[in-house]
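Chain lettering (A, B and C) follows the sequence in which the chains are written, and residue indices restart at 1 in each chain.
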Amino acid sequence: MKTDIVQLFENPYLALGVSIAIIMAYLSVNAIMLIWLERKLSARIQRRIGPQRGPFGLMQQIFDMGKLLSKELLTPEHANKLLYVIAPILVFAPVVALSSLFPITSTYIFHDFNIAIVLILAISGINVIGIFLAGWGSNNKYALLGAVRSVAQNISYEIPLILSVIPIVMITRTMSLYDITLAQETYPFILVQPIALIIFIISATAETNRAPFDIPEAESELVAGFHTEYSGMRFGLFFFAEYSNMIFACALATVLFLGGWRGPLLPDAVWFFIKVYALIVLMMWFRWTFPRLRFDQLMKFAWVVLVPLSLINLLITTLVLKIV
Amino acid sequence: MALIKEILDGTKTLLTGMKVTLDNFRKPPVTSQYPMEKIEMSEAFRNVIVLIEKEDIGSHDCIDCKLCERVCPSFCIYLDGERPEGLRRKRSTKFEVDFALCSDCGLCLDVCPTDTLGYSKVHDEAGYNRSDFLYDLLEPWADKEEAARERLKEIEAEQAAERARKAAARKAKKVRREK
Amino acid sequence: MNRFEVEQDPKSRDTYYLNMGPQHPSTHGVMRIKLHLDGERIISAEPIIGYGHRAHEKMAENRDYIQFLPNPSRVDYLGGMIYNVGYCQAVERAMDIEVPERAEYIRIVCNELNRISSHLLWLGTFLMDLGAFTPFLYAFDDREKILDILDRITGSRLTYCYARFGGVILDIDDVFLDNVSNFCTYFVERLKEYEKLVIGNVIFRERTIGVGIFAPDLAQKYAITGPCLRAMGHENDVRKDEPYGIYDRFDFDVPTQTEGDCFARTLVRMEEMRQSIRIIEQAVSDMPNGLFLAARVPRRIRPPEGDYYFCVESPRGSFGMYIASDGSDIPFRLKLRTPSFSHISAMPAVMASTMLADAVAILGSIDIVVPEIDR
């Protein structure tokens, strides 16, 4: 039997505040840990040692956070102040807003929403606006180029992403993430929808602007892309947003394809996070292995390969469902 | 169909690449933790030049010939010397190297007639400004200079005696031949 | 107006200029490329050089031949040994100085080790430009092994001053030869790993095949040499065409490709590393005993009056030294012909109508060394 944490409180605003606080706390710690994980992982892949301050180099992230927080917030002279300041917040906000929807355990969830998937797909698109404002507001050609690339990329990859989610909705006939997890009682959907999972992972990597699809911030071409002009904690927010987006995308993939909290022996939440972090490690592994695609090849890949593939997958799913 | 084959082949190459990185992930790191871990410098390691001790003299044997000063491409050696009383050879009284200008080419070692130049083995010197790299090579030898000069006097006296003996021998030979 | 510039309506406001450099992650030093862009497409590119000019040629006119010894390795810090040895060989040829056999063999081993280390650094930075971080570290790890080997005898790791007129400054020992042989066996295996990780990779192929093609007429127009020329299908290698030192005694191939694009240049360089290993293995097994520095080297280096030209195969192409001697011990003029300078001059023609990301790939693939361009 499930219980919504939000419904435990009588005052809905208090419930909102508490859940946002918990989620923010989780996301910050998670981002710090993911940065640590990425640095350690890349170090081992490249046969280095990686950060070493404190036990297992964990303190390094704390020090880096301290550095980012204590740095002066510079605003470029001819930047559009308003856009420049709100951009990092806009990039970070959707993740915070949507993280409450995930069913981490079978008993307690923050909030079960019956059109959760529509909500997720709709709101997660907002961070593109943030990235574009960052590029436009900083009044820098590199930043603008990065922003333009980012918008084109995110819009192209949103389509295969959505198309790979639809088969799941068709199979389960529900849009609630909790019910989707329940529907995977006998087998996770990776077994029936492997192509959809692959498309989802590829599109999610592109959505989160990570290598090999990191062209909006391609450092060898665009210096740092859309966040060229950002420093201090504003830059830190972009950084946080990247890792929060990662965990968001991987959590979605876990719920849709890997059976969410389901798993033997271990508690629900543990299984959920094992699956999420396994996917994250996979994404990191991509990043430290592959070169970057070129902008036009990236678009071509989305429209010529991924979209037809996901449409075919959708068609097959429809036919199978109709017959069965 | 061609497209599908292309995709499959491409995926295969990507997986091969991921296997390479995975193999390297399993191997131990190659990093050497430099400041904590001492690194052995090679025999030929080049750093700032130093004056080498000559065993028979008990000090360096710089005779202020100024060859190194002349050959230095960076003009970073400054030499000065005097001829001590009672000695045939000169002794340097100033030997400064501006290491900030030095390019470690080793030409000064090549030209040194007494082979008294060598490389310092200290590899981790650092400084806060340029003048920290102005090395006075005579400084470590300052307290030995007096003794060295005395020793040199003896050596030169011996050498002079040897020369005189040889000259006498030659003369005697000559005289014998004439007879 | 640049002759490669596409005709543009001056009132058109759809295009813009982008300064790539002087400080930019992928210009490999201080160099500026003025890009005229239409969105992401390059209309024209104009390299602006000179930020790292150090007047090496003028310095040569103010010091004698011996004093110029440390300079050539600073001209190109990645192929320092080859430049250093090349300068000595140029003066030796002008003066007819005999070099002992052993010294010649030592020079060959060091030259080819240096060539591999330069190509490794190119591989790493090229892939870094393409966005792959990991091969960069792998290449540096292997390069470090070479530097350690060379460090043992030359005393330097980057800017060598090891060769002297008539030989080399320090003799090698058995440990050095063992190290070299071990490295050779290790590196042949390692190259296969690089090929799996890089050459086979579909993303890498997408990024490089058909990108940055040197049109056939460019080779003559801009005096393209080295791997860039070999990637266009010309079997041109100074080591084979006019062998200097004792390169004519070794059995090695000159790898060529026909496409002239970034991928062809990559393949040529990868194969060149393999050929270098072949040369090193032959040189190590034939290493004779004897002097490492000629016993009778003239004390004053005074090439007879006249003009001398000597070129060597550097990792980037043909590096030439033109010495005009007036019979004194100071060169009247010493012109350095550096391959990167020729290659960067061809950039406007190669980069026109490519994408911004391709510009980075092209720059990386021709393996420019900015101090070599500026000298």
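Methods note: contacts are C-beta pairs under 8 Å (C-beta built on N, C-alpha and C of every residue); 3 or more make two chains touch, one makes a residue touch a chain.
Because the structure is predicted, anything quoted here is derived from the model rather than measured.
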item	value
More contacts between chains, A-B or B-C	B-C
Chain whose average C-alpha position is farthest from chain B's own	A
For chain A paired with chain C, centre-to-centre distance based on mean C-alpha positions, whole Å	44
Distance from chain C to chain B - Cα centre to Cα centre, in angstrom	30
Centroid spacing, where centroids are CA-atom means, of chain A and chain B in whole angstrom	58
Chain C: positions in contact with at least two other chains	134, 138, 141, 197, 201, 203
Junction residues of chain A - those touching two or more other chains	45-48, 288-290
In chain B, residues with contacts to at least two other chains	14, 17, 20-21, 24, 30
List of chain A residues in touch with chain B within their complex	41, 43-49, 285-286, 288-290, 304-305
Touching residues (chain side chain C, partner chain A) in the complex	16, 18, 24-26, 40, 127-134, 137-138, 141, 197, 201, 203-204, 206-207, 355-358, 360
Touch list for chain B against partner chain A, complex	3, 7, 14, 17-18, 20-22, 24-25, 27-31, 33
Touching residues on chain B, where the partner in the complex is chain C	9-11, 13-14, 16-17, 19-21, 24, 30, 42-46, 71-74, 103-107, 110, 119
Residue numbers on chain C that touch chain B, as the complex places them	63, 66-71, 74, 134, 138, 141, 151-156, 159, 161, 164, 169-170, 193, 196-198, 200-203, 205
